[in-house]
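Note that the chains are named A, B, C, D, E and F in the order they appear, and that numbering of residues resets to 1 at the start of each chain.
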Amino acid sequence: MQTVSRPSGRASDQLRPIAIERRFTRHAEGSVLVSFGDTRVLCTASIEDRVPPWLRGKGEGWITAEYGMLPRATHTRMQREAAKGGQGGRTMEIQRLIGRSLRACVNRQALGERVITLDCDVIQADGGTRTAAITGGYVALVDAVNHLMKRENLKRNPIIGAIAAVSVGIYKGQPVLDLDYAEDSDCDTDMNVVMNDGGGFIEVQGTAEGHAFRRDEMDALLALAEKGVDELVAAQRAALAEG
Amino acid sequence: MQTVSRPSGRASDQLRPIAIERRFTRHAEGSVLVSFGDTRVLCTASIEDRVPPWLRGKGEGWITAEYGMLPRATHTRMQREAAKGGQGGRTMEIQRLIGRSLRACVNRQALGERVITLDCDVIQADGGTRTAAITGGYVALVDAVNHLMKRENLKRNPIIGAIAAVSVGIYKGQPVLDLDYAEDSDCDTDMNVVMNDGGGFIEVQGTAEGHAFRRDEMDALLALAEKGVDELVAAQRAALAEG
Amino acid sequence: MQTVSRPSGRASDQLRPIAIERRFTRHAEGSVLVSFGDTRVLCTASIEDRVPPWLRGKGEGWITAEYGMLPRATHTRMQREAAKGGQGGRTMEIQRLIGRSLRACVNRQALGERVITLDCDVIQADGGTRTAAITGGYVALVDAVNHLMKRENLKRNPIIGAIAAVSVGIYKGQPVLDLDYAEDSDCDTDMNVVMNDGGGFIEVQGTAEGHAFRRDEMDALLALAEKGVDELVAAQRAALAEG
Amino acid sequence: MQTVSRPSGRASDQLRPIAIERRFTRHAEGSVLVSFGDTRVLCTASIEDRVPPWLRGKGEGWITAEYGMLPRATHTRMQREAAKGGQGGRTMEIQRLIGRSLRACVNRQALGERVITLDCDVIQADGGTRTAAITGGYVALVDAVNHLMKRENLKRNPIIGAIAAVSVGIYKGQPVLDLDYAEDSDCDTDMNVVMNDGGGFIEVQGTAEGHAFRRDEMDALLALAEKGVDELVAAQRAALAEG
Amino acid sequence: MQTVSRPSGRASDQLRPIAIERRFTRHAEGSVLVSFGDTRVLCTASIEDRVPPWLRGKGEGWITAEYGMLPRATHTRMQREAAKGGQGGRTMEIQRLIGRSLRACVNRQALGERVITLDCDVIQADGGTRTAAITGGYVALVDAVNHLMKRENLKRNPIIGAIAAVSVGIYKGQPVLDLDYAEDSDCDTDMNVVMNDGGGFIEVQGTAEGHAFRRDEMDALLALAEKGVDELVAAQRAALAEG
Amino acid sequence: MQTVSRPSGRASDQLRPIAIERRFTRHAEGSVLVSFGDTRVLCTASIEDRVPPWLRGKGEGWITAEYGMLPRATHTRMQREAAKGGQGGRTMEIQRLIGRSLRACVNRQALGERVITLDCDVIQADGGTRTAAITGGYVALVDAVNHLMKRENLKRNPIIGAIAAVSVGIYKGQPVLDLDYAEDSDCDTDMNVVMNDGGGFIEVQGTAEGHAFRRDEMDALLALAEKGVDELVAAQRAALAEG
């Protein structure tokens, strides 16, 4: 297969520059500004001493997520969801994905009867906002849990692994890693892959935008995603090591 | 791997009994009651001579879907979404999936400036309502398009392939095909796979409910899905052949 | 008065073919598909061990109803109320009528602190959906109450009579029984009559669509309704006798 | 039948004191404060030079109504519907009734492509608010139409008759006219009757609150309603004669 | 500065005719129809034995307000907020202002754990509805508190002062008191001033509609407002003295 | 008057450190992150070639504003307004204030038939978010207008002056400038003052939280506000001079 040049000039298996800035705001127990290139998402983790009704008295906690986009995070202004009177289908789909993904790295018994809410607000969008939100949200979650462990003197660490996510897709016939907006709006297949640091899959969501994708294309995409997640987990570790 | 017995007694690669009843109601251009075992979904296809605002004057049509569940389709009564004042996140996620999947088998230029809406209403739920909706919705869509071709004397058939969907999952450590409710509520991994009749993938949505799934498990699940979709496409053909 | 021929060829005092199919779905305590000709309504009765706030601690129960129409139950597709963000005036009016009507056959002290919700969803509409819903809903209610009496070993039967409903109207100057859609959209007066099996009136709702109706016309309509309800009560009894 | 004394001391066929005050506010084309005893409803009629979408280009107009209750029109404060986020079922039912009733006295071709909206707002409630609204709304409608005829030099008067409404019911076993709140909350049967000045029925809505009502009771109620409407039409005429 | 003639012929420091009619409706504990010229607002005060969640168990009460406008209180009909599905920004802004203003005259400990809700509904609008609502609302509040003191035998009077409000503005270059609609829609600066009977300011809300206002203009406006509030407090006292 | 020490150690007439960072995000025509101490608000200005319905064909434009707070901008997490289903009263009040204030510096004829929307989203809150939003929003507006002037070759600059805003209040008896959260939650009077660079007042909104404020206190507050706005206008100029 010949190599297609990407709009950004990246190699087909190359992530955008990744930045993870902790303590971006001061009130939240965890607050991370994550950048995947020009995509920037503010992820805050908030601890509350309550559980949803269906968990009352069960001795375990919950992790949930909400997602939003500032109206002018995008090329043209989008209507504010609060002004429209509710969250749209895309927003709900994304925040459900973030919540499910991050629950996969938490021992909810060890957390105790508490809710941690991840608010992922897109400051600037350039493709891959949901994967950036999961990757940055994980770091905010760890910060919040560390805060909680100190404050409450928890015996066990509720965090049982690391979670990161990346998109892969087929752009002009070639599998590529970490699609930016220019690629995303012109690709045939788009897949979001959430994995843990043990190489296990948490979520795989692939969509054929143009032609259906073949089994061998899927294999190539999954291999790219594994490489990308490895690098993202390393970036998370580096950020968390800064103390 | 030892064989685990499924609650229904089915083999691990066995679909539930599939039934596709066309012309279930008489007003819609396509109307199909599809059954995947005890899961029954009424799929109607309605043609309207309008397009959404962003397609006006472009000479092409649109396929969209809405999904609903009757309040007592489930074991315990669920609140009616119309009474709650809006569709929830799960509903939106499912109807977006159905719409995207069925658009993949339509040549929208050949359709012309028309909308076909698939209404998929769950009469009885026992797991796999979204895959049943896609599989039955395809048949309703074909009936509606045939109706349209006769009425409007279209030159080209807008249908360019067949689409079917099935769930697969890892139940008690074993990959199984077409999860029913008993399996779905007790499985580790749940994957919905939408394919066309050429063996291409349209959508793959896999979720680790318990432990993360390995690459070899994913391969086994995709193989099961391919087998299931083959059988579903055959059932669609048989139903459509009845005239 | 000369006899006007009805679009359906029925005699002026003739009901459409009535069918009452019990146990149409399997989760609800009562589940009935009722047909008044081409009008088909699925009525499920769901028991919950709770009461509305204003009845707490009073030792009595409640019967309530919700009504919905599948979007393509009608000739042209109607917008889904869940997608519009709420139930319209017509829906509310009808479900209030169904609830009031069915409460008239229940001893709420004998029921105890429980709610039974009748969900009446129109699968196919051809006029008279509300009267079909009441007539079928009664049978679903009886099935649910019988289920409850066995399960909870109730001493007294909370059902104190039978309830059925039919529409009557003045079509081309002639009083007729059980209007179908063709008659309903072209009649001068339309009246829905709910009665019990003792010949007592529970609800009478008459509307002059065209010219105002005279007292003698009203008398003729009420006589037709009494005849129709007699036959509907017999059909309910026959259905319930099937065991 | 022995005579039961009514809480208000009225005879069984006696209306409450009726007052119809025209030009109660100055902006509306018709503005009437109607009193049925302590029930006071402000009815304004507003003319707009537009029609609903389904009437565009048909050369005829429309009459519609909206109903509201000030939060403390009642014994205990009710939540404001604007603050709750929408109109409830009772409100919708009533405003649909008012609109249908008043359309029955209008020649919509003679009105031309205009909408007249009747806003009926209950200032103080003591039973019978919907019948007061219809009776007073008619007078506001006539004032608005007269205003329009002068302004636009219409050839034909769009008003083709008078409309009034009254409630009747069975209170402690005895048929009575024009129920007040004390009777309404303690009666067995409640019926709202809308009639025109030719003695024709426009709407009859009867509800058995306690035991079902018999045919002879219904006859007695209708006779009382006819008497009441006669007197209300006379009161409307007297008010309109004042110039 | 030369004197500009006001549309109403009033002197620049002259209020419109003020009327305060107590006991306008009979169910509310306080019920006042207040008129500032052609602006008429019905203010009712309702006592409830509950407090908002954040005050539970603190031994103090709360004063809150809701504001509404009948659809045809204005020159052209405005859409009913209950039908639109919610209160608009202007409504919320005004009712928050009324609530804050009237809380300033109440000792909430002396009130005890109760809520008093002021419903201010505009029957007819001609400018200054919010200032009329505060001025009339105060009288309704005093009536409700007096009712409560008798009924509950309170030891201390929760009312600790009087509150009144008036608008001032710069009309054609000249500071004027109590703007009516004709002035309000054609003025450069509009200021609402809420004061107590000790000459203290509770709220000052000034807006430059046209050119920005200078400090000396602001001084002139505040002086006019002080004069107007003095007269309004006198009118409140006179109304309350009537017994 | 003795000097009270402020929690922040500032002098009574001292602003917090002010920072105005332009081009904070790249899609919007104007994008400013403004900081008043720990209060940080992202203000973006978006140009659209449309006008609201009431301005169509009038040859002039419009400036509007929307305000939001990220859920964890505050000490404890607030519910997301999009998830609650609408904007609350405080949000509406603030965004109406921002829009009115910034319209005061724009010649809407010179702007032409365009809308500029200011989105003011609070990233971190520590008191004074609305005054920071107005002050930063002005800079974003100027950047957007300059962008427009270049792109469209406008003849006249639509910006006719500068606008800035600051809060003042009485904290422990002493008038102070630019309240932070610690002061805001413990002050007697809180006033937001919007002014232009000519020393004219655009908006004055003062509220007595505790005791009513006297005329001499108001004079002191206005003097502080004038000093603060002078410094803010200088900071705006410096930021805009950076090119």
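Following the convention adopted for this analysis, a residue touches a chain if its C-beta (ideal position, glycine included) is under 8 Å from a C-beta of that chain, and two chains touch if they have at least 3 such contacts.
Just so it is clear, the model here is predicted, and its values are computed rather than measured.
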Subject >> If a chain touches subunit C and subunit F alike, it appears here >> reply: none
**OP:** Any chance you could name the chains that touch subunit B and subunit D both?
**Re:** C
**OP:** Work out which of B-C, E-F or A-B repeats the contact pattern of D-E, with more than half of the residue-numbered contact pairs in common.
**Re:** B-C
**OP:** In steps of 5 degrees, what rotation angle do you get fitting subunit D onto subunit E on the CA atoms?
**Re:** 180
Subject >> Computed distance of Cα centres, subunit D from subunit C, in Å >> reply: 28
**OP:** Go ahead and note the Å separation of the Cα centroids belonging to subunit A and subunit F.
**Re:** 33
Original post:
Between subunit A and subunit D, what is the separation of their C-alpha centroids in Å?
Top reply: 59
Subject >> Intercentroid distance (Cα basis), subunit C paired with subunit A, Å >> reply: 51
**OP:** Would you please write down the residue numbers of subunit F that are in contact with two or more other chains?
**Re:** 85-87
**OP:** From subunit A, heading first to subunit F, list each chain in turn around the ring.
**Re:** A, F, E, D, C, B
Subject >> Touching residues (chain side subunit D, partner subunit E) in the complex >> reply: 25-28, 31, 38, 40, 42, 44, 46, 48, 66, 68, 70-77, 80-87, 91, 117, 119, 121, 123-125
Subject >> Contact set on subunit E toward subunit F in their complex >> reply: 86-90, 92-93, 95-96, 100, 104, 191, 195-196, 198-208, 211-215, 218, 222
